[in-house]
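What follows are several structures.
Shared between the two complexes below is chain A, which pairs with chain B and chain C, respectively.
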Partner chain A sequence: MRQQPCNPSHFMKEYFFQDNMGKPMDRVDGRLKVTGSAKYSAEFELPNMSHGVLVGSTITKGRIKSIDTKAAERAPGVLAVLHYQNSPKVPGYVQAAHPTEPKPIGQPHRVFYDEQVYFNDQPIAIVVADTLERARYAARLVKAQYEEEKHATSFPKHQGKAFLPTAAQRNPKHGLNDYVRGKADAYKGENLKIESEYVIPSEMHNPMELQSIIAHWEAPDRLTVYDKTQAVIGSQNAFAREWKIPVENVKVIATFVGGAFGNGLHTWPHETAAIIAAKKVNRPVKLMLTREQMFTMVGYRPFAWQKVGMSATPDGKITAITHEAIGQTSSYEEFTESTLQQTRMMYTSPNVTTRYRILPLDVSTPIWMRGPGEATGAFALESAMDEMAHVLKMDPLEFRLKNHTDRDPERDRPWSTKFLKEAMLMGAEKIGWNKRQLQPGSLRNGDWLVGYGMGVGTFGAHRNRASAKATMFADGRVVIQSATTDIGPGTGTVMVQIAADALGISPDKIIFELGSSLFPPAPSQGGSATVASVGSAVRDACIALKKKLASLTTGNADSGFRNVKYEDLTFQNGQISLTSSPGTKLSYTDVLKQQKLPEIEVTEESRPSNEERQKYSMYSFSVHFAEVQVHQLTGQVKVTKVVTCADAGKIVNKKTAGNQMIGGAVGGIGMALTEGAVIDDRFGRYVTKDFAEYHIPVHADTPDIDVVFVDKPDFINNAMGTKGIGEIAIIGVAPAITNAIFNATGKRINELPVTPDKLI
Partner chain B sequence: MIPFQYVKPSKQKAAIDTVAKDDTAMFIAGGTNLVDLMKRGIMNPEKLVDINKLPLRKIEKEDGHVRIGALALNGAVAEDKLILEKHPLLSQALNAGASAQLRNMATVGGNIMQRTRCNYFYDTNLPCNKREPGSGCGALQGFNRMHAIFGHSDKCIAVNPSDMNVALVALDAVVLVSGPKGDRRIPFAEFHRLPGDTPQIHTNLQKGELITAVDIPEHPYTKHVNYLKVRDRTSYAFALVSVAAALDLDGSNIKSARLAMGGVAHKPWRLQEAEQFLAGKPATEASFRQAAEIAMRGAKAFEHNQFKLKLGPNTIVQALKNAAAAV
Partner chain C sequence: MSKDHSPDQFLPENEGGQSHSDARRTFLKQSSILTALALTPTAAIKAAELKFEEKVAAVFEKVNITLDINGKKQKLAVEPRTTLLDLLREQLNLTGTKKGCDYGQCGACTVHVDGQRVLSCLTLAAMADGKDITTIEGLANGDKLHPMQEAFIKHDGFQCGYCTPGQIMSAVACIREGHADSDEEIREYMSGNLCRCGAYPNIVNAIKEVKNGGHKV
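And now, the complex of A and B:
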């Protein structure tokens, strides 16, 4: 395979000085985390703190007729009970659209705005008290009367009402429009074909850390929040807009985030509720959602129905794919995701049709959840690939290799890099794919049927504008700051590695600070783009720092470097030396001392060159292999081995990246076998809303997971050669498992999760 | 949670009297069930009588039985040498429940008394006759995947969630209780109730009665036993269906058998007809299958738990196979 179309020589010098990049360095905050000294949002203490607890609606749709807060107000310690009638007005709430206007595409729920109820457990009041216990007690005393309307919460019942998202209706060029390559629905006229439907229930992110916020008005127009968010700058802007105050008057702190998986990428009603309450009681308000509220008051992966039709030639060339999807959204916001993207670009098929629709229901708005869209889409596409291979009596790996494409068939461009084939072969070897039998039900281990399956994943290798500030102190310490967050992947650690190599100093001299809106802006931690975006900014800031050091040196008559060009200098081990005569050297600290400078600092913004990127299609790729055993009588499924492989560019840290891959595989096991939130449609209420009823896999459900990295840099994406990992870690895992179940049992279960009852 | 008083008496009589006299008082042992229920407003005691100071923690061999104190921890019982030797079925059942952390807090008395996990019982905004008599059974026409197939009524189709109880009913255990009117012994099979018209009453324990111990009489089921629990995840989930199977074998023939199921009824479900069928039969899959069919007689499922009609007998067969093969 030919790769590397661009000449990366101008990056090479920086790239190959790699003392730290690629090393499995321990997490810089590992000790803080395991000793409990890492502080999460709700763990901050402010003087005069008060506590807020939200009261949720007990109906699903309708109006609040009256709300009785007397008992709550009289309860001990209660400072305020706020709801739509008495809440301080949020000046930035957009007025309701005129009834004849098209529905806005994004109108986040406006908490305490009016008497309307849009979903069950919608926050309708907040009780603020001096202690959490008192607030919680008083919250139970708030009673609302409703005028109930008929609600719609059952996806299957209302599926026929799905429509093309408004954004696509308005703009024929919008990516969510129907896509046809070649002939539409061409599979229908073919002989060798499959056609299947797939259903994925709503899945909850359920990170360990509950969503929480401390809201503190330091002055009537100055707001500080300690907030669980993946986007300190995004939240800062959102709150500034809501309260019509200057952006710089809003400070958002998210020093540590205990997992998020996407549900910190949006601002939610509880955040505004806490800010409203803090305004009213004129004290800081701490609010932490309960686990049950995590099912309704923040987003989730939407319920989705899909259908795939596929045809192929007898020798295994795909001739056509049609992939249709409907995703659930709320009645007040059109949430969409790129469920069908990979179907357009993954395989060679000359005929591809995709159709995406959304179905608004009386539920809260979904949000991106790890592998958003693609994880849902890959379940259908990769299951269909397995079904097609079975019809063709072909090994599914061979079938995928046969339809592998070295060029993006959607945009007709080369890939920046693609080593998916290599990843497939490495993974197949590692799982022992040759043990797989073509005929389902052929392998057994006592009463257990054994099977093997695979699934492929992909996600755009995004990179966004980001900035970082680097300060070098006279004692040699370097502090780098950027307003990114670390929701668990190890961002702080890899930034230190990137900086250490870029600066030529030891990582223990570097501190990377994140999670504050006071730092130079960076995008949200989402879409697997942090290393490419923020890493580039960190690297650029470090290079700027070196240039500054160089200019201080080369302008100095005594330094021995007078009039030497930056290009002729080497920066290593904390020293500048002449590349041509390494004996001539000066430590960074001496440079500062000579100049009597306590510190030097630079701030750099780094942005991708769009022109360059337009020439290529940039994706990360993954392939996952699973070995499962299924009990013949009881339907129990044991995942006995998982091999998860990524073509994700240069791997900066095998340990933290491996951690991402393992976490994604576990998430995929959950998606395939255990997770699914159930609504009782009669009430519109979730009936599985704690960890006893909503099953996240436990250790006993997860086998040893082998991680394989192709580890080949993509210099077109960025100078470090990285591509994202977070999403591809889960995309394609669920079908690998369900395909393995098919191989074991001959049973194809296309409605997740595959619980034992479906296999007996 | 509502404000409540908390007392921790060191005398059994004081504990019993407090609960007997005060309608709003309840015993608390490990608290792993009761505190959750209080947090959700499902149970609202105004006084908690913590019984952990009472000397009810011992596991002892006595004449003809092993006596397990009501405060013995689930984890401690599961690992106890005497239990492993004499009642391995109980040990297996306990280890199939909850998580290690919970088992290290949960007591035998509390486990016997734990309430159902029915989704409707757990949400004070949904109907449930057990929580709020007369409000209706939410599960009957609702999400009833986890629910009963035996002994239910149109008032309630909830199941008893305990694993331990399934083993104890199979082993003919006896619950020792002490109350304001004195002591009594309740055979395990008579301890829990079927819902009938009063699903709010889930056991035959009277107000103020304290469980002090459980006796397990001697029996020959020390080797060929198996507790098999089928659930939605491998650990830390309640049973879809579970089976406690115990065989006394003479070579490849069954001298006698014990069989009970969990996750299928409002009480641990003993399968005596199937046991009687197995006595004297060869320990073969064919016998097990026939026993399983007998066991399932009278089962009636609902919209989402139809699978239990098949999973039930399959699990019985597999548990018996495992028991027969146990070494």
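And now, the complex of A and C:
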């Protein structure tokens, strides 16, 4: 493990004399993706494959009285029908800890463990057959009788039962405890104030790829899974714990992941069900969830109620903010997220109060969905900012600039870097903010009312421990491996760019391999930390490789580099040269050939320097601008333009990063206008259970989207100067749109999604 | 299940008593056993061990079809209930065609059947008998990518890549149909293909480039 010093001139040498970082390079896996050759988890061919189909509970709470599997077992091709009475025991169940970070109180649902039913469509049996059609047919023949109990799925009805998360109750220093800066609830005594409640429904990640797994016991204590996960190492550890087998006996492969947005950050019941089934039938079992099951078994953004009170001086200085939130969780796990973080640190207010509570219902456990918590919180905070500005008769951009802070007011530390103000001005210019009228309903285009809105987002700039292995071959190729994943942001591509610049070779000589637990460990792909974490490891591995090349050269009497120090060498264009005398040079391949080495390899682990990081507050920032048109008669909302701006450090690849920003904006359009998972509380079952009922944005919902990058490096976060963008791309988009709707119509809809019925 | 709300409960096979298909299966099983009994006893026992009657029944229940898939004629025996999508993915290992919903709501499974874009999840394999199928694997000309594939790479018309084969097959058809004359038209006629990563603007740019480039698609 080595730490790179935080010396900008050093980075200048390492990076900015090279030219791959920042280039809009095409994706390295683009060809595989456009030809259908990219293999996602359900697409690996194994001999003797069998197919599993899950049977879900048809009640929401209670216990299974009896389960009749005779007809299913007799159906053609059926190999096994497994449920709590006959399932092979999972040895790690009792002590099971949460498989990936963080650790909610309680434990993940233990599939086929007992007769208890905790949520509707809970997997109660798996049918395994030799073909998919036969498994699907037989699954319909399984009949269960239940002893039903009264369930609670309605959030508003049970809102009063919300409580402080147990983790915070146990530890007064826990970040989920109530927060007070200055005086608690100070807004209440002020004259110029607003107070509003906000509701967002549960939202489903709904990646296009259905959650899938192929489970294969290669030996009684040796498991291989091809799994849709954002954490191959996290899943490997979880399965090893679950089956009480050595970690190295579990292999997790996720070469391509067809989107995830957070729902691959947890291991789910269907994964264990497939592994149980594979154990029983002693054949590989392939299990692909149905779209309905994507609503009930693999997490979601939890239903949330929020309330914001805010006060300000007549000239627009915020004097107090109180922000309260309640998030939904399941009855068996306490899921929490940082809904209120942005309120604590975004604006200069001397008085800030936040209170976070959770409400367990008879539903499955939520999981972080893109911009987790923060996107929920930003909807309330940034809507409140707009409401306050309206009360003050002030331009919302001016109001935000007036309350901008150059120091973190929560922790009283400097920011590592913050260029949010620049981003705001760049974005305002691009959307044509000067066209916005202070008075709502002032602009129109025929029958359409036109409005402009903005919303700000932020997310912690995280970096975690990660490692990478780099191998250079005598023909000049370099293969780099790390157990990260690529759920779509273009991880493989940017790693190649980072490596190309660090090594001083062409990107087309570099192959980056990911998505296997056999590779050196890397954290889960979540929390916008992959480039900072894995990129640092890749960079360190490349530097170690150069040092190895240098040591081979400088120790060689014939090389012309004898006894030269590493610092006096330049590595460029695949050659080592003396910085003082560039004519003295040797290609990397010649170094290996001279030493008769077929390859050289290094493995490096890279850790952030916590001591250095503690001195700063580190965040990515974003600001989004929306132009909307609202039809006066029908209430139809058209988003006609979005400008989305990121202050997220150095941008490694403007093409893939720009695409991520666009994707976040599209996700925000869904959040604002179309998405909402609805439970029929009489039955506890989702009525929105497919794409006909749960509306994600389509081509026709998506306008031109301009992306603006401030593109200023943050070298305190890491040596490449990067910060994450995946989360901030969506955080603040929904309020930008709803604020624009207010500006167009004068109607403030604080319950998402803003469907036409709410506007007429 | 006692409270099954799925529409399949209305299918005859889920009603009480022996359904039509079960009766047919029983008949086939019995007749194959009779056939087996006509053989030597050893052969009959062996046949029983190998679930011979099951295999015979399975053969009789299959439909023989001929499909031209990506320029290659294939004679196949498929169950009548097998969808074109599952045939491609599970039996022919043509996994470029994706399953995103199984209800014709997402477009990930789009293929060309006799040159038209078709949702393979809503198409029974047996319905495609005698037809020409083109999947994403058959779009390129050998190593040379189709212009739409090139344009998707250039404009980064995807992130995770899962909806991409369907988007590309649909995009090619969209131009062929003459529905790519403006951004609005492309957006309208591509709205059956969902992309949760939200790469829509890049997809539109890719389609525009191919359309305006005058490429033969």
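Everything below uses one rule, namely that the second predicted complex is superposed on the first by the 741 of 760 C-alpha atoms of A that agree within 3 Å, B and C clash if a C-alpha of one lies under 4 Å from a C-alpha of the other, contacts with A are read in each partner's own complex, and residues count from 1 in each chain.
Basically, contacts are C-beta pairs under 8 Å (C-beta built on N, C-alpha and C of every residue); 3 or more make two chains touch, one makes a residue touch a chain.
Computed from a prediction, not measured in an experiment: that's the story for all the values here.
Which of the two partners, first being chain B and second being chain C, lies in contact with A:30: first, second, both, or neither?
Only chain C is touched by A:30; chain B is not.
I'd like to know which partner A:756 touches here: chain B for first, chain C for second, both or neither.
Only chain B is touched by A:756; chain C is not.
After the superposition on A, what does A:593 contact: first (chain B), second (chain C), both or neither?
A:593 contacts neither chain B nor chain C.
Quick check for you: in the superposed arrangement, does A:633 touch first (chain B), second (chain C), both or neither?
first
On chain A, which partner's contacts cover more residues, chain B's or chain C's?
C
One more residue to check, A:674. First (chain B), second (chain C), both or neither?
First partner only, chain B.
Looking at A:208 after the superposition, I want to know if it touches chain B, chain C, both of them or none. Which is it: first, second, both, neither?
In the superposition, A:208 touches chain C alone.
Which partner does A:705 contact after superposing on A: first (chain B), second (chain C), both, neither?
Only chain C; A:705 stays clear of chain B.
Once chain A of both complexes is superposed, is A:133 in touch with chain B (first), chain C (second), both, or neither?
In the superposition, A:133 touches chain B and chain C alike.
A:660 contacts which: chain B (first), chain C (second), both, neither?
A:660 contacts chain C only, not chain B.
Kindly list the residues of chain A that each of chain B and chain C touches, one partner per complex.
Touching chain B in the first complex and chain C in the second, residues 58, 133, 137, 140, 685, 690, 692, 697-700 of chain A appear in both lists.
Okay, in this complex, where on chain C does chain A touch?
1-6, 8, 13-14, 25, 54, 57-58, 79, 81-82, 86, 89-90, 93-103, 105-106, 108, 135-137, 139-140, 145, 149, 152-154, 156, 158-165, 168, 186-188, 190-204
Report the residues of chain A in contact with chain C in the complex, numbered from low to high.
Touch list, chain A to chain C: 26-27, 29-40, 42-43, 45, 51, 55, 58-59, 76, 131-133, 137, 140-146, 205-210, 256-261, 288, 290-291, 487-490, 655-656, 658-660, 662-667, 685, 690-692, 696-700, 702, 704-705.
Quick one: which bits of chain A touch chain B in the complex? Just the residue numbers, please.
Listed in rising order, the residues are 58, 133, 136-137, 140, 447, 631, 633-636, 638, 673-674, 678, 680, 682-683, 685, 687-688, 690, 692-693, 695, 697-701, 753, 755-758, 760.
Quick one: in the complex, what on chain B touches chain A?
The contact residues of chain B facing chain A are 1-3, 41, 117, 119-120, 122-123, 125-126, 138, 141-143, 145, 228, 230-238, 240, 307-308, 310-311, 314-315, 317-318, 321.
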